[in-house]
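In what comes next, chain A is part of two complexes: it sits with chain B in the first one and with chain C in the second one.
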Partner chain A sequence: MNQTRFLNVILALYVACIFAFIFAPILFSLVFSFNSQRFPTIPLGDFTTEWYAKIFADPDVWVAARNSLTVSVCTSIVATFLGFCTAYSDFRYNFRFKGPYLALILLPPTIPLIIMALAMLAWLSKLGLSGHLWSIILAHSVLTAPFAMAIIRLRLNQMDPDLESAAWNLGGSEWKAMRHVIIPFCMPSIVSALCLTAAVSFDEFAVSWFVSGLNKTVPVVILEIVQGNIDPQVNAIGTFVFLTSMTLVILAQVFFISRQVKSHS
Partner chain B sequence: MTEPLVTFRNVKKHFGDFVAVRDMDLDIYPGEFLAIMGSSGCGKTTTLRMLAGLDSPTSGEIHIGGEMMNEVKPHERDTPLVWQSLALFPFLNARENVEFGLKMRGVEKAERARRALEWLERMEIGEFADRNITTLSGGQKQRVALARSLVMEPKMLLLDEPLSALDANLVIRMQAVLTRLQKELGITFVYVTHSQSEAFAMADRVVIMSQGEIAQIGSPKDIYRAPANRFVAEFVGRNNILTGTLVSQDGTGVVISTPSGKFVATTPEMSRPDGSDATFVVSADLVNVSLSEPDAENRIQCTLISEEFVGSMVTLFLESPDSHEFKVQMQERDLIELDLHSGSQIWLCWAVENAHVLDGE
Partner chain C sequence: MKRKFDLYAMTWRLPIIFWQFLFFVGPLLFMVAISFFVVKNYRMMEAFEFVNWQKMFSKGYFWDSYWYTIFIAGVSTTVAMILAFPASFTLAFRASDNLRRWAIFLLIIPFFTSYLVRTFSWYVILAESGVLNAMLAYLGLGPFKMLNTHFGTVVGYLTLTLPLVVILQTVTMASVDKTLIEAARNLGCKPLATIWRVVLPLSKTGFIVAALFCFILSFGDFVAPFYLGGSQEPTLPILILDTTKSGQQWPRAAVVAIVMMATLFTIAFAAIALAYRKGGAK
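Coming up: the complex of A and B.
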């Protein structure tokens, strides 16, 4: 009894350390975003919202935020659509070369981002498609579709395969069965996939930087701020980006995990 | 003679090298309760799926109501199915589940809600109409699944082992519900099951399948008392099966010599020469037991090996001097009077008319 308690304490400490390790830099940037001093030094200066005021006054940041929002919303829709189609085709059909087909779809996240970004730039400019906002959408969709596919495929795994046949049996055509059975069943995972792909796209720097041309997204603007002048503005904008992505990821978790628990109970 | 509602003509179904159904000929009549029974992999579910259009025959023809159905898609048929898994839609409540088929058929909202509620009431689960499917009990889900199919007002209802997930006492209740419904609606039920008690309790006719073929079609009584072949006799169970050679025959019976002795059985429909192989069966509940040698044509002395109790019935397992196993089924209260124990020597006897010769074996 005592021993398990001791073990639990050790485990809790261990988990706390991991969280500290992951979140310390973010917490650090959050704290210094409200610090009046120009350089991150201790002891801290006064509390200030000056840096937030500064970035919110910067029109470049607003343009970038709008770009990032457009890109992540469009990306999440395209990627989730692609992910859904792939997940469903894997669930429903057996065909030759299914293995390579799936491998191809799941490949993008395994490629180093910088290589991916360079390849995207080379390929898109060859096609004359680089330098637009939708070039980023295109590239990000390729990058994030596997995440959507994985989430939706997991949900389909929980589906009784008879459900779809039952819809046909009750007079629904294949399209109606898709609309009234498959999509409603997958809805939690679809919302989850939308949030997650939006989060990944919103954060992504390398590919955006390479293919965006003059259409900067938030991460690209952050780099420019860092390169131009070191001041706590970057902490403020970083905190803002972190909160956005975190919210999306947590939403994705809530939709997916809560439904998972429900369907198992 | 009524026209059959469904005809299978020479239907085959292959899945790759596996033959699920071979050369099936079957007529299903309007208003009958037909059970298709067999062990797993015998092709019974495939047969049902072909009726629903979920699998199409490799060759042969299936007609429903005189129409050739081989290429008709599942959603263009009127063959609702009650699934073994029930396949209720978890994201819809009970009423929406029942409405589903009507919605697919384009019935307008108020009308389909009315009909769905009517059926839920009829299945005695009206109070659960707005409940989430996952919160219902097994028996309630079963009723929702039935309502969902029957609200379509089909001519034929297909059922794929619908009771296999229920507790024993609930099975008995649902059997009563099903038979009553079938009689009231007067529609055809095609019921697939591996359970002999379900099939025999409910069906007008039973089809026994083995390895993709029909082994016998008949009323439960026919199948129980007059199995067509060794497979059916063994499948039905509780049968004593004896094989030997035909010694003599006349108008009233045949004499068959087996390693356990000579026995007289009823004349088979098919005549065959003396000296040919012959097999006959005696149902375990038609064998009488006595301590002294009985005055009967068919008798044999055996040693009691073991007893098996099932409620008020008991099955005795015995062994003849040539080590052939005999089974006797009797009321438990009759057994007590005999005061038997393992190793007891007892006499078995049965009437000539209860010894049924198998065709062609």
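Coming up: the complex of A and C.
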């Protein structure tokens, strides 16, 4: 069975290569952010925190960071609310046009962002809503709500539908059952959805760039720096973006897992 | 039973309908409308004329761009599906459940890291005097021109799509009934023939979905062809970008966007029909 062993080693190496390709840009960006060369190559230059010092001293970056934070927090709240409503409607009710209803919320991520960006820009300018920070929030809530819907719907799948009717039988109104049974049951997935939609919104650049006017978010600042020339500041900003997104994703995952542990006990 | 207005049910059902019509259906329909508007003195005027459609369809560069975008997105989809297959196969059949779960968790990470930063990173890696050429120089090779080529564009697309394709292929193949594979082997089917005649037909739907997503993502991306491909041959998204941002020609950009949507819908329907076609596979 030496041949099988050999084959397994080759396949494992191949998987490693694919992962290397996928993670190379992330790792290199991290390394370059501490590298003194303006145009990084091998051998690497000296260790430096120059690029970090630069972005910390740049007021534009601070403004963008605050804008991004505002946008992703507000987006996550709106999107999670919409996602929850849809997930609950889908879980609890059967109604006419349910198919189109679900399509309405689930379709946005399949449409190329550049097209959404153009359509949003034209429509929001027509309504007089473009060029503000909250223009981005409106657009992002549509783009990210499906993710919230999916996570919360998965959680509701694990709920015994009798739980809700038991609450009604015990004299609770539908509203009370929602407050005391459904929402507590969904809480981990709601927090998870908040984190995930915030992370998606935090990284989105095409729509933000089109509709935000002069209110730049972090990805838009990156886009503009990259358009200019090679500037390792991008790597330093990228490291922060990466850390923020990763924190959110890991938090989402933690809540996802804590949910499973609880439901097993 | 005739029911009167159920406030509780509607509280959960109506917000999203209202919201999505206002900020999803509305924008898309309005985009169709503005494709018939006219631009005079840099101002968009409401009208119903086919002038934008005629203008765009009569331009050679529009069709060049159209076919190039389909071609390069198709190439990237093919490359992604082929490159991902051995890795997904290994993860699906030769890895423990635990390892596979970790691998999938790792593959989700790139979705939440800035695609722009990753593209910029590739820009530096692939540059004439960049990291990759420096490494190749130690081997006495190169330098190769990798930026501003089709190769650069495809690397960018793969950065975006490869993790997704590996995940979808792995999940699809991992759910194939293992006993069927053993049965095929016991009946004397060779390993490669087993893949071709058992594993692939059983994973058809998942694979088509993976390819479709890969195509949609590549087709609609402007970052890779712009920064890594040098946009010498502009793809449709770059065309939209240029006409919107520099020319103020929103109506013409809308024409390009509608053509893109129509193309994607056609391809998606064809793919779904193919995925659920009866016979052959079963």
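The rule is short, and it goes like this: the second predicted complex is superposed on the first by the 241 of 265 C-alpha atoms of A that agree within 3 Å, B and C clash if a C-alpha of one lies under 4 Å from a C-alpha of the other, contacts with A are read in each partner's own complex, and residues count from 1 in each chain.
The rule we apply is simple: a residue touches a chain if its C-beta (ideal position, glycine included) is under 8 Å from a C-beta of that chain, and two chains touch if they have at least 3 such contacts.
Bear in mind that the values here come from a model prediction, so they are computed numbers and not experimental data.
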Please indicate which partner A:H180 is in contact with in the superposed arrangement: first for chain B, second for chain C, both, or neither. first
First, second, both or neither for A:V71, with chain B first and chain C second: neither
Taking the superposition on A as described, I'd like to know which of chain B and chain C A:A167 touches: first, second, both or neither. first
Examine A:V191 and indicate which partner it touches, taking first as chain B and second as chain C; both and neither are also allowed. neither
Of chain B and chain C, which one contacts the greater number of residues in chain A? C
What residues of chain B sit close enough to touch chain A in their complex? 52-54, 73-75, 79-81, 83, 85, 87, 89-92, 100-101, 103-105, 134, 148-149, 152
Of all residues in chain C, those that touch chain A in their complex: 8-9, 11-13, 15-17, 19-21, 23-28, 30-31, 34, 83-84, 86-87, 89-91, 94, 103, 105-110, 112-125, 127, 129-131, 134-135, 158-159, 162-163, 166, 216, 219-222, 227, 237, 240-241, 244, 250, 253-254, 257, 260-261, 264, 268
Which chain A residues qualify as touching chain B in the complex? 160, 162-163, 165-173, 176-177, 180-181, 184-185, 187, 262-263, 265
Going by the contact rule set out above, which residues of chain A touch chain C in the complex? 8, 11-12, 14-15, 18-19, 21-26, 28-29, 32, 39-43, 81-82, 85-86, 88-89, 92-93, 95, 101, 104-105, 107-108, 110-116, 118-124, 126, 138-139, 141-142, 145, 174-175, 199-200, 203, 205-206, 210, 219, 222-223, 226, 230, 234-235, 237-238, 241-242, 245-246, 248-249, 253
